[in-house]
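Look at the two complexes coming up: chain A is in both, with chain B in one and chain C in the other.
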Partner chain A sequence: MSLLDIWLGILQGLGTTAKVTGYGLIFAVPFALIFGVAQYLTTGVTRFFITAVIEFWRSSAVIILLFVFYYALPIVGVTLSAMTVSAMVLGLNAGGYASQAVRAGLQALERGQKEAGMALGLSRPAILVLIELPQALVAMSPTFINQIMQLVKATALVSLVTLTDMTFRAKEIAQTEYKPVMIYTSLLLAFFVVCYPIALLGRWVEARVKPGRGSPHGV
Partner chain B sequence: MGFDPEFALSTVPTILGAIGTTLLVAISSGLGASALGFCFEMVRRGGGTAGLITRFLIDFIRSTPVLAWLYFLYFVLPFYGIRLGAMSVGVIGLSLYFSGYLAEVFKAGIDAIPKGQQEAAKALSLGRLDTIVFVIAPQMLRNIAAPMGNYFVSILKATPYLAVLAVPEMLGRAFDVASETYRYAEPLTVAGILFLALALVISRAVKRLELRLFKDSSH
Partner chain C sequence: MQDLPKTAVQIRTLNKWYGAFHVLKNIDLHVQRGSRVVVCGPSGSGKSTLIRCINGLEAYQDGAILLGGTMLGSQAKATALARRQTGMVFQGFNLFPHLTVLSNCTLALRRVLGKSRKEAEDLALHHLRKVKIPEQAHKYPAQLSGGQQQRVAIARAMCLSPRVMLFDEPTSALDPEMIKEVLDVMIGLAQDGMTMLCVTHEMGFAREVADQVVFMDEGRIIEQASPKAFFGGAVHPRARMFLETILH
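Entry: the complex of A and B
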C-alpha cells in the first residue's frame, strides 16, 4: 500500500468527520446562544440551574460523556444512532464553552448601551437583539471560530463509538498494513490540513476585532 | 434490564480506587507539558531557523487531536525500537499535546512583562539564562497562574483518553468492570460522575489559589 493509498483511505473518513462537525454545530450554536444569554439575564435560583446545566456539559470529560450517553441512553429506553449521540455530546460540550464567550461578551458591554436603548423606549428583548447581541457576537467571534476547530478535533472520538471517521479509517488500515509511521503521520497531517485554516481564520478575525475592543469609550 | 442503582453503587470503590493513577497521570502530564511548553516558547522567542520550526510545531500540535497523538506515539515509538509502558506513552502524549497550549500561555505571560525589565537585565550585564531565571520567570509566574490552573483542569479532563491505551485510570477501570459484568451503563455513569466531581473540586481549588495569589500581589 503506497502513501497515496493510505492518504486516500484516511480521507474516506473525512465525510463522517465533516458530518459530525456539522450536526454538532446544530446543537452547539443554539445551546451557546440560549444558555449564554439566559445566564446573562437571570439571577438567583434560575441562574443557578442554568449554570448547573452549562457546567455539566463544560466540566465533564467529553470522552466519558460520549461513552455514558452511548451506553446508558438505550438502557433508559432512548435509542439514538451513534451519529446523533456523538453530534449531541460533542456539540453540547463545545456549546458549553461557547456559552461562556456569549455571556462574557454581553457582560463586557458598557452599561450605557443598555441605558441608551431604554432611553429610546425599546423593550428589553429589543435591546438584547438589536443592541447588545450584535456587539457581543462580534467580540466573541474569534472564540467561536476556535471552538469550531476544537469541535473538529474532538470528532476523532467518534471512532471509539464505531463511526468510520478519519481516525477509524487510520486504525482500520493499520490492522492490515504494518506501516504505523506513515499511517499515523498521515492522520495527524489530515487533521492539520482541516484545522489549521480554521485557526488562521480565527487569528485573522481576532486581529480585526481587537482594535474596537481596546477603546471602550469609542474614541 | 434497566439501570441498576445498587450495582452502580457497588462499582464505586473499584473505580474510585483508580483515582491515584488518574491524579498521577494528570500531575506528571502537567509538569511535562509545562517544562516542554516553556522550552518551546524560549526556542520560538530565540528566532532563527529553530524558532521558525518550533513556531510551526506549536501550530501543528494545536491543530491536531490528542487521540491521534496518543495512537501515533503508541504505535510509532515501538516501530523505532522504543518500548515504553502504556502509561508512559500516555503521559508523553498528554505532555506533548498540552505543551502547544502552554507555550501560548508562557508567551502571553512574558509579553505582559514591561520591556524595561529585559533592558535593565541587559544593563546589569546578566546572561541570557540568568535573565530568564531571575528576571523573567518570577514575574511571568504571576501572570500565568490563572490560565495555568485552567489548563491543569483540562489535562485532568483529558486523562480518561488513556483508557484507549488500556491504562488503568478511572475510565479504564470502569471499562474493566463493564467487560467483566457485561454491564456498561452503570460503571461508565459512575466514572462520569466521579470525574465531574473531581474536575469541579479541583477547578474550585485552583480558583481559590488564584485569588490568594492575586491578593498577595496587591499588597
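Entry: the complex of A and C
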C-alpha cells in the first residue's frame, strides 16, 4: 500500500470528522453564547446554577462523557446515536470553554460603554446586543478560533464510540498494513491540513474586523 | 405645546451611601431652565456622583430628584424617562469603538426613538455640523483625536434633544491644546440656551458661562453663588483654599 493509498484511506474518514465538528458547533455556539451571557448578567443563586452547568461540561473528561452517554445511558433506556453523542459531548465541552471567553470578553469592556448606552436610553438587552456583544466577540475571536481547532482535534476520540473518522480509518489501516510510523504520520498531517486553514481563516477574520477596534481613548 | 416647567432639575435633601460611606449629604439644588450650573470641588467631594444620580446611573437612598417637575423614582419607567430628558457627556468620552461616528450618533435615534435611517442620519449630521466635525462622520472613534471624540460625544447626546445636558468632567482626560475646542462647543450650547449642569475644573469656563457655581466638599454643597460672587470672594474657607490652589 503506497503512501497515497494510506492518505486516501485516511481521508475516507474526513467526512465523519467534518460532520462531528459541524454538528458539534451547533451545540457549542449557542451554548457558549447563552451561558456566557447568562453568567455575565446574573448573580446569586441563578448564577450558581448556570456556573454548575458550565463546569459540568468544562471540567469533565471528554472520553468519559462519551462512554457515559453512549454506553451507560442505554441502561436507563436512553439511546442516542454515536453521532449525536459525539457532537453533543464534544460540542458542549468546547462550548463550556468558549462560554468563559464570552464572559471574559464582556467583563473586559470598559464600564463606560454600558453607561453610555444607559445614558442614551437604550434598554439592557439593546446594550448587550448592540454595544457589548459586538465588541466582546471581536475581541475574543482568536480564542474562538482556538476552540474550533480544539474541537476538530478532539474528534479523534469519537472512534471510541464506533464512528469511522480519520483516526478510526488510520487504526484500521494500521492493523492490515503494519506501517504504524507512516500511517500515524499521515494522520498527523491530515489533521494539520484540516486545522491550518481554520487558523488562516482566523487571521483573515481578525484583520477584517480590526478597523473598528481600538481604545476609545486612542489619542 | 405644553409649557415647560421653569425648574429643569430639582434636587431635594438627597442622601446617598456607598455601604457605610456617606457620599452625598442633604443635597439641595435647583437648576432653572436655560441656566448653566457649574459644580466644582476637590476630588472625592461627590460632584460626579451627584450628576450621575440625575439620570439614574447611580441609585440614591434618600431624598428626591425632580426632572421638569416629574419625580424620579427607582422604577425602571422613571429612569427611562430621566434618560430621555437628559444627555450625558463623560470624562472618558465613551464612544462606541465598533461604530462609526455617524452610527454612534444614530444608534439611540433609531433604537430608542424609532426614527428611520434617513431621518436619524440627517439629524446626526446636523449636530455633527454644530460641533464642527461633519467630515469625520464615517470614521471610527479611534481615528479621531481626544478633542474630536469628545465633540462627537456631545453631538451624540444632543441628537436626542435633551432638556438638560450633564457634563462629567468633559475636559479632564484631554491634552491641554484640545480643551479649548471642547469648551468652545459647550459655550456654543450655552449660547443656544441649553440647560447645563457641568462638573468641571475649568474655572475660566465657569466665569464666562455659568449662572451659578456650586462648590462641594465631603458630600455637601458648602457654597452656592454667582460666578462673580464666588470668584470675587468665596465665603467658606475650604472654597477659598480650593480656588487658591486651582487658580495658581
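Basically, the second predicted complex is superposed on the first by the 200 of 219 C-alpha atoms of A that agree within 3 Å, B and C clash if a C-alpha of one lies under 4 Å from a C-alpha of the other, contacts with A are read in each partner's own complex, and residues count from 1 in each chain.
The rule we apply is simple: a contact is a pair of C-beta atoms (placed from the backbone, for glycine too) under 8 Å apart; a residue touches a chain by one contact, two chains touch by 3 or more.
Owing to the predicted nature of the structure, the values given are computational and were not obtained by experimental measurement.
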item: Partner touching more residues of chain A, whether chain B or chain C; value: B
item: Which superposed partner A:Cys195 touches (first chain B, second chain C, both, neither); value: first
item: Touching partner for A:Leu14 - first (chain B), second (chain C), both, neither; value: neither
item: Partner chain(s) touched by A:Leu187 [first = chain B, second = chain C, both, neither]; value: first
item: Chain B versus chain C as contact partner of A:Val29, first or second or both or neither; value: neither
item: Partner chain in contact with A:Ser60 - chain B first, chain C second, else both or neither; value: first
item: Shared chain A surface residues [contacts with chain B and with chain C]; value: none
item: Chain B contact footprint on chain A (complex, rising order); value: 55-56, 59-65, 67-68, 71-72, 75-76, 149, 153-157, 159-160, 167, 170-171, 174, 180-181, 183-185, 187-188, 191-192, 195-196, 199
item: In the complex, chain B residues that touch chain A; value: 1-3, 59-60, 62-69, 71-72, 75-76, 79, 157-161, 163-164, 171, 178, 184-185, 188-189, 191-192, 195-196, 199-200, 203
item: Touching residues on chain C, where the partner in the complex is chain A; value: 55-57, 80, 83-84, 86-88, 90, 92-100, 107-108, 111-112, 140-143, 145-146, 149, 156-157, 160, 173, 175
item: Touching residues (chain side chain A, partner chain C) in the complex; value: 110, 112-113, 115-116, 118-122, 126, 130-131, 134-135, 138, 211-219
